[in-house]
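Beneath this line is the structure, given in structure tokens, with notes to follow.
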Amino acid sequence: MLDVWKKTQRNNERPRMLGRNDKILYKLLLLITIISASFVILIAVFITLRGILPFITDNSGLGSVDLWNFFTDTVWLRGQTFVSTAYGAGFLILNTLYIVFLSLLISFPISVFTAVFIAKIAPEKLAYLMRTAVEMMASIPSIVYGLVGAGVVLPIIYNTARSLGTHSSGGNSTLAVVIVLAFMSIPTITAVSEVSIRNVDENLEKASLALGASNIQTQFKVVLIAAKSGIFAGVILAVGRALGEATAVSLVAGNSRSGPNFGLFDITSTITSTMLQGLKETQGIDYDIRFSLGVLLMVVIVITNVLLNLVKRKVGKLHG
Amino acid sequence: MGKPQKVKDIFMKTITYLGSGFSLLFLTITMIFIFSNGFGLISFGLFTGDYHAKYYAGRPASVECEGCEVTDELKGYYSSVYGIALYDDFDRAGNVVIKVSYVHENSPLLNMLDTNNPNQSISLKVDDVVTRVAFFDQPSALTRNGASMMIQSMDQSTEIRELTFSTLGGGIRGSLITTLYLIGMSLALALPIGILTAIYFSEFAPVNRLTNLLRSFIETLTGVPSIIYGLLGITLFIPITVRLNLSQGANLFAGAMTMAVILLPVVIRTTEETLKSIPNSYRHASLALGANYTQTVKKVVLPNALPGIMTATFLAVGRIIGESAALIFVLGTAVKDTVRVNESSTTLAVHIWTVMTDEPSNIELASSIAFIILIIVLILNIGVKYMSYLINKKLRGVV
Amino acid sequence: DGFDSSQRPSVYTRDTTSGTRDGFMKGIGFGDAAANDSLLVDGFATRDNNAIMQAMTIDEYGIGYISLASLNDTVKGVNFNGVEPTVENVINDTYDLKRPFMYMLRANDDWESQEIKEIAHAFIAFLHSIDGGDIINDQGAVALPSNYTWESVRDTHPICQGDNSALTLRFGGSDSIQRIAEALSAEFSPRCGNVVTENDHTGSGDAFRRTQGDQKDQVVGKHIGYASRPFRGDELNTPDDTRGQLAWDAIVVIIHKDNPVDSLTAEQIKRIYSGEYETWEDVIE
Amino acid sequence: MRKENVFKIEKLTVYYGASSALQNVDIDIPEKSITALIGPSGCGKSTFLRTLNRMNDLIPECRITGNVLLDNENCYKNGYDIIGLRKRVGMVFQKPNPFPMTIYDNVAYGPRCQGVKNKEQIKKIVIEALEQAALYDEVKDRLETSALALSGGQQQRLCIARALAMKPEVLLMDEPTSALDPIATLKIENLIEKLKEDYSIVIVTHSMQQAARISDYTAFFYMGELIEYGKTDQLFSVPKHKQTEDYITGRFG
Amino acid sequence: MRKENVFKIEKLTVYYGASSALQNVDIDIPEKSITALIGPSGCGKSTFLRTLNRMNDLIPECRITGNVLLDNENCYKNGYDIIGLRKRVGMVFQKPNPFPMTIYDNVAYGPRCQGVKNKEQIKKIVIEALEQAALYDEVKDRLETSALALSGGQQQRLCIARALAMKPEVLLMDEPTSALDPIATLKIENLIEKLKEDYSIVIVTHSMQQAARISDYTAFFYMGELIEYGKTDQLFSVPKHKQTEDYITGRFG
């Protein structure tokens, strides 16, 4: 159940002349479509409006949150909740990007190797099995990934840390988040990569084989190269999801209140996990600040996306 | 082929095997973990039971238990004075409890005065949880001291002042019902809007800037993390429901609206893809017969899109069942036994979140719920496969 | 694998908003650190008891603290100044690392209905009864002594004889008291016409804030709020008859079961938390 | 006896975007006869056919100038009732395209869309149309089975029946037999010859033999122009233009 | 002077599943000459070509009987080094299929796969191959740009260069110019004629003119059988078989 936009060929033929009945239907459909499309705007507007409140109001006498401090500080909140407005999310940005980058380091090779295996190397039955497995993985809800992370990954990390002579807070750590996110990303990248690997012109493969390259050489030196822009699209998709994943992350992060936390065995926190932290209030500065984090998250996602797409275009240049 | 190359090939090949082995291993671990931890709690009672236990307090009318000596091995400890056996166990939340394993047919505890409703009588049943036994002449027997101590105290005493007990609790009926409500309500919103939007794009939309803009807006929705949808629910949908006097805070209406927005891109995309796979020749034939567009859409396009719409429904249900972050904000995290659409409650996925963030976290119950979710997701997956098989079959011309 | 006492103790603490932390720091004579992380050695600050408990089940070199109510035998509770952390020792006032559990009602003229007010007062009567005390004790806190049963006072609360299932009694305040509060609510409900109870615990500060303070009339307003520390400052500017203590809670220093340490003094604990002791060896000597 | 004309086409030019696919075509289509359109691939036959029932409206970049008169009324004038036009001018496509419904529903589709509700009436129309399309006997026992289970030739006749159920005046056919085997083709050809008693038929075909066999009039298009138009026997025996002669003798195309 | 043979094919029969695409073909391919394979579509030319470098191994249902001897060694014997065979027998396909890499990397691909690491050496090979393929002058300033940006004709020459970089003995070409315009075709034909000085070339073509223009020997296949094989000028001027004559005069096919 993986969603990948398949860009299907658009119908070329469009009605030019509509009957009277048709015009009513047309207008109704257009209206509904505009409603569907407007949600993006609503999200942007409503969340931004609420998200900037802590910065521009005096928060019922506490004073406004300092924007510069919010972007740069390394402590989530200096002072007491509901008493202070010294919020800082700078370390959360770093933590989030760092974690997603590390998780990609794990998921990318595994996914690409799995995709090559499924598309080109595995015998038919095994490929079918693997494809089903990947589909299964893709359809596991993220909260279940979090649960498995908490139940399986945490103890392993704890023991590993101990045998390495360091400490970890019950396994809650950067590494745990990285592993959970990596596993969540694998099905996405694998599925997209597999499709683009299979779509590689089979003539390229033949050309390579005819040059005396072995099958494996062909897969890794030609097919993967030809499929790289598709694989990259999968990576972009996965990064977007990893950046926005919340519940699974917060179950294994340990939720540090300050950072940045670069140590693999240190507890950590991300933008999203902080949004979920101690979520018991329904109003007040400690609640509103979550909207600011939401805006921050969207900004981080958009910027990362734009950058990755730029890289993708650069990388994809060779495809002519 | 040179020797070193051959070695390299085998090496690379092995790596691809390892890569997929790794993926497979993870899936296996997940399944084993969920099933082994979750299976223990799976029972009929889990699905039908209340999450919050029901509490009772009663006083036995007499102390006599005639012929209450038993010789059979009973689970736990037996009081021949009162004719009940108790044992130490854990409830579904992993807390220590004392449970009833046996009640003799002559036990005075079968006929107790309900101390909360003085004119009624209540009785203790097997599997009930005894929380406390209070006496007139000695300190109360508490759960924390264990079943053996409790039996001991009971046997020592001549009269019980009050015996408090409860049902087991920890059932997920409320969350199950919320999930079903949410599925029904969000589909009722998302399917019509999504399908109509898909029809607009595939059948009517002119090729122009506006169409592209609308389309890219909807595509963008796919990339929005669900936690952000949660924020949207708080700032937009909850206030709407409050303004309409439907509710006072987090509620299922707002949850369904939020969920519907999350589902929109899935529904639109899946439906539109099916609509596009319907051959244009059908549309042409219909138009050439003097049918107008409305008729063509209604009679030719939509019936053929049915498997696609079913696919969209399955995908949507899967998404609803798995959603957690958004619903934590919009629906709340309080587990309810009586579900009201104008109040907060939890779905199965949020229930996992709730018990995992409780003190102490309850991996067993969380795994049981995850087990249920995985089974449903598996069934939905099969449904999706079957639908795509139907679509293929239909377009290949065998109905 | 034995305990390696040359290891550094890994220090766990609740975050600065926690009532348990407040009680603990003051109890070990390190009150300055109640709201200031920088005075503590590098360690882990967490938002909940549970995380500390869990950590201590696996972190052999860890040290943390929880309320006695949460103690179970997966971890080791350390003697404080030589006194074992038990209910008995709290009652006989030999165990010093403890704090009071308090409650606060809405002001007398500030109830949405007479029924709710009566039910709330019935609840207070219940929690002070022997039956209420049993529940508190069962949860590991130490109830104040009582000499009446609920049954004997029930008739003075006629509201409880009717059907109250349409009414909701809202509790809030300290999350350290949450388990006790929930148990009390659950047992109270059938005793008072099945009144609906709602426990939403967010921290001791909210006991006052949401019953008589600035948030009392917002959606988060509560009927009864709990605090896991003495009321102070503004909170004391409330009518005396709207406040009370329901129990004592002992705070227990916990360590891993394999840790050979059995007893610690306030001074030793403070030195561990301030970082003066660098290894467990320093402590054991 | 020269018959009346159903269609009078004057100075018809059809553009796809900037390039034209038909230039300045003047032609009259006689009623109750078969008019065949022949010419090499891409010469504009289908384009011409589509202008007659305005199916070209579906192609956004398609534009026309000139007049297409049906009963002396220009089909392209503003506010013209396109739906009505398509009811009067039925169409059969190259590839049989029955709807994925039962045989019965396929034929009943048109009348139902027109708003006919009466079941008896619809049944009468369906049976009549199937009989006219020489299909009734073959399918009468399976009217409620899927139309997609029919053979290609049967499907094409079903499409014809579907068009006939609308009781059109004109029937446009774009290479109706090119996807069929010879036996099915023969059946359709016989059917078409029978149908001309009641309908005016315009048929595009790539087969010279077919045009010669069944049509009364033949129009030869080349590169978007109508090169020659006349009685079929005359055009095939004494073509007036060199290009026509070359084409019908198979020297190019 | 009759040249040596690189390939000796004996009783070659190729099956796809149950049906055979080539039957009992006996043919010798002379070295340093151009051998053209002609015949109507589906007669088995491509099939034959693929058996020479065992590219047919890629088609699971393909089976062969008979012998294909390269240097008197049967390429189909057990344990034969297929990779080595493909290095010795290069292949150029109908549609130009450069890899999506730089021009340089395309040509360097083969040697690199063979394990050549030395940069200088690779550079020498690349330049030499590009020069042999008459492409070097056109691309020498853009060796590091994408091969996909080249024109079709250039791409095809790049594919030839890529094959030449392996220094093969035989070059197989399956309709190498059919996707190209006349000018590009001419360039490739000239190139092929030049290449025969160093390589044995087998080329499939649909163009009789091309076969006649460039090949030394021509084999005419029909329905999976080798009908006639001989010097090109002889085969085109005095074909021994009626079928050959019919085909080369364009009377069928």
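Chains here go by letter, A, B, C, D and E, matching the order in which they are written, and residues are numbered from 1 within each.
Keep in mind that, in the parts below, contacts are C-beta pairs under 8 Å (C-beta built on N, C-alpha and C of every residue); 3 or more make two chains touch, one makes a residue touch a chain.
Quantities reported herein were computed from a predicted structural model and do not represent experimental measurements.
Chains that touch both subunit B and subunit E: A. Across B-C and A-B, the chain pair carrying more C-beta contacts is A-B.
Ranked by distance of CA centroids from subunit D, the top chain is C.
Distance between subunit C and subunit E, defined via averaged C-alpha coordinates, is recorded as 86 Å.
For this pair, subunit A with subunit B, the centres built from the Cα atoms lie 25 Å apart. For this pair, subunit A with subunit C, the centres built from the Cα atoms lie 39 Å apart. Remark: subunit A and subunit D have CA centroids separated by 56 Å (rounded to whole angstrom). Under the contact definition stated at the top, the residues of subunit A that touch 2 or more other chains are 13-15, 19, 214, 217, 282.
For subunit B, the set of residues touching two or more other chains reads 1, 5, 206-207, 249, 292, 295, 361. The residues of subunit C that reach two or more other chains are 54, 200, 219, listed in rising order. Residues 206-207, 279, 281-282, 284-292, 295, 299-300, 303-304, 394, 397-399 of subunit B are the ones that touch subunit D when the two sit in their complex.
By the touch rule above, subunit B contacts subunit C in their complex via residues 52-57, 115-116, 131-132, 134, 140, 142-144, 161-162, 164, 166, 248-249, 334, 358-361.
Interface residues of subunit C, counted against subunit B in their complex, comprise 48-50, 53-54, 70, 130-131, 134-135, 137-140, 149, 151, 178-179, 186-187, 189-191, 198, 200, 219.
Interface of subunit B with subunit A (complex): residues 1, 5, 8-9, 12-13, 15-20, 22-24, 26-27, 29-30, 33-34, 37, 193-194, 196-197, 199-207, 213-215, 217-229, 231-232, 235-236, 249, 261, 264-266, 268-269, 272-273, 276-277, 280, 292-295, 297, 315, 318, 321-325, 328-329, 333, 349-350, 352-353, 356-357, 361, 363, 366-367, 370, 373-374, 377-378, 380-381, 384. Those residues of subunit A whose C-beta lies close enough to touch subunit C in the complex are 79-82, 155, 158-159, 162, 167-172, 254-258, 267, 277-278, 280-283.
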